[in-house]
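Next up, some structures in structure tokens.
Two complexes are shown next, each including chain A; its partner changes from chain B in the first to chain C in the second.
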Partner chain A sequence: MSRTWLISAAAAAALLIGLGGAQAADKKLVVGFSQIGSESGWRAAETKTAKAEAEKRGIDLKISDAQQKQENQIKAVRSFVAQGVDAIFIAPVVATGWDSVLKEAKEAKIPVVLLDRQIETRDPGLYMTAVTSDTVLEGRVAGEWLAKQTGGTCNVVELQGTVGSSPAINRKKGFDEVVAKTPGMKIVRTQSGDFTRAKGKEVMESFIKAENGGKSICAVYAHNDDMAVGAIQAIKEAGLKPGKDILVVSIDGVPDIFKAMADGEANATVELTPNMAGPAFDALVAFKTDGKAPPKWIQTESALFTPDTAKAEYERRKDAY
Partner chain B sequence: MTRSVSSGPSRTLPQYGALAAVLLANWLLFPDFFSIRLQDGRLFGSLIDVLNRGAPVALLAIGMTMVIATRGVDLSVGAVMAISGAVAATLTQAGWGLTPVLAASLGAGLLCGLWNGLLVAVLRIQPIIATLILMVAGRGIAQLVTEGQIVTFTSPDLAFIGSGSFLTVPMPVVITAVLLGVTALLVRMTALGLMIEAVGVNRLSSAGAGVNTPVVLIAVYVWCGLCAAVAGLVVAADIRGADANNAGLWLELDAILAVVVGGTSLLGGRFGLLLSVVGALILQAMNTGILLSGFKPEFNLIVKAGVLMIVLLLQSPTLTLFLPRPARPRPVQPPAPSRAKPESPSPSAGA
Partner chain C sequence: MIHRFLPLLVTSAVLVVGFLLCAAQFPAFASLRVVGNLLTDNAFLGITAVGMTFVILSGGIDLSVGAVIGFTTVLLAVLIEQGGWHPFSAFAVALAVAGGFGAAMGAVIHVFQMPPFIVTLAGMFVARGLGFVLSTDSIPINHPLYAEMGDMALRFDGGGKLTLPALLMLGVVAAAVVCAHWTRFGANLYALGGNRQSAELMGVPVGRTTVAVYALSGLLAGLAGIVFSLYTGAGYSLAATGVELDTITAVVIGGTQLTGGYGYVIGTFIGVLIQGLIQTYITFDGSLSSWWTKIAIGVLLFVFILLQKGLLAVWTGRGGAPAEA
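Up next is the complex of A and B:
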């Protein structure tokens, strides 16, 4: 309790000082960012990139770590409203339960931008825009690369993400679209590897045994890079060459997969960019200067990376993650 | 009743029968299930996968069996796995050699076990609550060690523990067999096993009979922590990285399940180490079978639950009454009191 009180007191003090000082000085945008936590390397990279992008634009970014809890995020948003920030960014930990706190932000005329995930609400007017990747597109980009690479003939085994999770559903959907329109391409095996390296390896071991020692598998498509890294080890232990005997394509673009690509053991990855804040800042600045409302959904780029640039990309990324 | 394992055929039949049945079902689903060949000097085949992938849960089950035999439970083993893997990967990446890395990582497991043991034996907190603390905190500790990232290492020495082989047998299988052997020697060749069972049956009266119950309890939790640390090392070495968020996640439940499927009662007392390992293999044989079968992933959990239910039903004391059972020597009846009338066949004789 006393801590909350202290924070509120500090916030109130900051507000008073802010009111005094901000009028005179050239107004520097203040943005509050309620981040989910740091559960993965990607999440940490997202936070780091947000800081860097804010600095580049001279924006004052206040980050609050919610440690995977929605109630912490709601508290953080309320505190940002009390501080009178110019905008609030939220990376929502769950999809529902945001309406009342977003109403408070709206009444305070503070625009809200969702990062990386969407929410479910009956009133889309409660937030200004959402910056997320198009996960269906990611699957499609991976599929199209594979179709092109193999001339449209390929027996694919698929390592799905956690059953029922939205990236797993959408990344499968996008890939399936390409399979459906490519007659020679077929998904011969598909199983969940739970987005983890260990399960990815275990499932791939079974796939190899089930498919004639891996000889009838042309490529593995993994819904994230970690499962692909596990699959690469399984392929190696079966005496095959990953990247040659069995092509490896996956999604996310974490440093380890660039390392694998540089070693010739993986063939392509579709990046889920950790730079969600950059486009959000751009939309916000445009809104503040011209009053131009951004579209409701800003899609980040789903760029494909191949071994040619892998070494440089690995060097560039290993510190960001 | 609580004398150490009576590994007579009637008591072990459900476990070995279930394992055989699951393996047979796998063979029907996938005809090459039993084919084994050598690949780079290492056995290679689906059956080997069952042993190799089953090793982490089997390792956990070895420690968990003794904890459960004392009428306790250790929920923290999954988190301890994450800690030991995180310590091993982080130190390896920092350039430490294999021996200090192993010592540090196993030491971390021993410390975790000691913490659990002290809470249970000295502070007398109920085991499920005492170990819940480390289950929650342990994953956080592991994340602190790895700074929330997957720490990848390239050291071939450490990787050997996970994917190397000894006389063509994969290392995780060798390690599990050795740990099972050492544990069995410790508890069966000394009075320790008897003491563990005594504490599980009745802590007060075993203390009254001269068993140093706190020491026995601390010892089993420390051993359980060690087993978990070994399992964590195997998993981290296998994927050449420590994934603090996912390593050992929910495996404490698999380990408890393996012990129960192996026939050790959650009420403590008599325990069977080998049967717990068989329990772990039953679970893994099912997992591997599902992966080979080509079922849609949405069915995984349902198939698993269905098979488990059958195995557990076969062990249900109520249901086994109705099953035909092999002839076995009837328990010797105490001489009836002289004035008792000749009575109808005792209803409890067969139970």
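Up next is the complex of A and C:
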């Protein structure tokens, strides 16, 4: 039995050497993408957009879903290196622990691009560039819109994201910068709504009760759209009109907020684009063709959207999420 | 004679055929680099699975191993980064704590005659909880020795290399094979798992063996934790969640009987590599959802259990239990 086994193994090995020679001359750019998982609608949209952007450019994109585990991401990156891909994209699940695997990619001369999150590393030369949004800018854009809209006089209540999380800290910082230079604008109440719809609604209810039934509130600023959608509910239940009696401005640009804007219940959102891969592909192609190294940080655009385009934007997005 | 090794042969055949199929589809697969990656990426799993094999051979189970790995990584990070300890002293403490933890569970199982499932389930919660008490954040370990150990490897042509974790795993597997088949402790384990009562009558020190096997499993989980922290260069209380189930899977695919008394360490090692192989294949393909890994492993597990059941029926039909080495 063991002899026939050996013979068949040898035959299979011979077969594979033959196959190995057959497929070689394929010039298509191959990119491996280690994605965190699909824990949120935004994350799924990021993956979907990456696929679409790759197809548009004729790039062969290999995606590996890490199911929220760093060890799976490291394994995936190692496999990509072994495959000899032309570049590796990583959306890192945690900030630490990437040095050794990135070193391996560097030794194999495969450029690495970080998507959507930064990492902590001793040697920034280990990755080519990072494509992320500027979360401070997002807060600033939201604040500037509100200052302009209200002529600089407004009592704002703020729904913060998860305490201590970097988007919550930075989105607050950016907004506060605008408040500091606009004398008539002030934040009258601020509390965490944990980035969730339910907590956003709950906290907004308590804000309305505390602020004279909501009469002294001019606007609500939410660190993400989900909390804003919760706040809209709370405003409606208090017998006020969201979008008119109390202005609603938030960040992310998920389909639901565009729907709310189309219905006149929200006033503005700053988009955190799920298209992180597009700019990364562009930087990569430029690097591969002219050898031009991209800047260390590629900021995605933080575009502001208002109700006049909301309906069209909703239609455009509802399938991507 | 051949049937005693049949599960092991089937497992090995699955690995070899699987590897050849992968290599036929992706030429880059048949490289030393991929083989080296398989060993490095699964080192922590392999080390843990060796401990699990011993526990299962003795007729028990240890659900705490994944949590012990997570706890160990955090303990190391806290000791080295916040306590300023030398990594080697931190390793010693971590191994002692993990081994002691296992021994304590073994003692509870033996003294109170409690089912190992419940005791080690409790152990899993305790260890995971302790990790979170130490730190909820992921702590990077920046000690220079860590980077050095991370780079340490035997290098081959074509980017292939045997890293320190891979070498550690191979060493543990080799030591475990010797321990299982050529020592008194190993013989006691097989006897205990085969039939506890007759083992007792034969004079096997049941209490000592039970405590020792859980201590060993804990110790190896601690070692896996060290390897894991080398692997990621960080300590994180959420590390290695669900690893206990992956190791049990590897043990069963490797041909060890879940009820104990029969199986081989080397089979477990092959079981670990099969899991790694499936995962690597899915990454190479790049268009399949990574959840197919779980489905493929689930199907494989099911097939192997059926195979075991069938073999067992054949053996008992012939009127003899499988003889042991």
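Just so we're on the same page, the second predicted complex is superposed on the first by the 295 of 321 C-alpha atoms of A that agree within 3 Å, B and C clash if a C-alpha of one lies under 4 Å from a C-alpha of the other, contacts with A are read in each partner's own complex, and residues count from 1 in each chain.
The rule is simple: a contact is a pair of C-beta atoms (placed from the backbone, for glycine too) under 8 Å apart; a residue touches a chain by one contact, two chains touch by 3 or more.
This is a predicted model, so every value here is computed, not measured.
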Touching A:K292, do we find chain B (first), chain C (second), both, or neither? neither
In the overlay, work out which of chain B or chain C sits against more residues of chain A. C
With both complexes superposed on chain A, which partner does A:K109 reach: first (chain B), second (chain C), both or neither? neither
Of the two partner chains, chain B (first) and chain C (second), which one does A:Q233 touch, if any: first, second, both, or neither? first
Would you sort A:R189 into first (chain B), second (chain C), both or neither based on which partner it touches? first
Taking the superposition on A as described, I'd like to know which of chain B and chain C A:G97 touches: first, second, both or neither. second
Scan A:D256 for contacts with chain B and chain C and give back first, second, both or neither. first
With both complexes overlaid on chain A, does A:F80 touch chain B (first), chain C (second), both or neither? second
Sites on chain C touched by chain A in the complex: 2, 13, 16-17, 20, 23-24, 26-31, 33-34, 37, 40-41, 44, 138-140, 142, 147, 150-151, 159, 228, 231-234, 236, 239-241, 276, 279-280, 282-287, 289-291
For chain A, which residues count as touching chain C in their complex? 1, 5, 9, 12-13, 15-16, 19-20, 23, 32, 60-67, 69-72, 74-76, 78-84, 94-100, 103, 107-108, 120, 122
For a test of understanding, state which residues of chain A touch chain B in their complex under the given definition. 38-41, 43-44, 160, 163, 189-192, 194, 196-198, 201-203, 205-207, 209-210, 226, 229-230, 233, 237-239, 256, 259, 321
Which part of chain B faces chain A closely enough to touch in the complex? 30, 32, 39-40, 42, 44-46, 49, 53, 147-150, 152, 163, 235, 238-241, 243, 245-247, 287-288, 291-292, 294, 296-298, 300
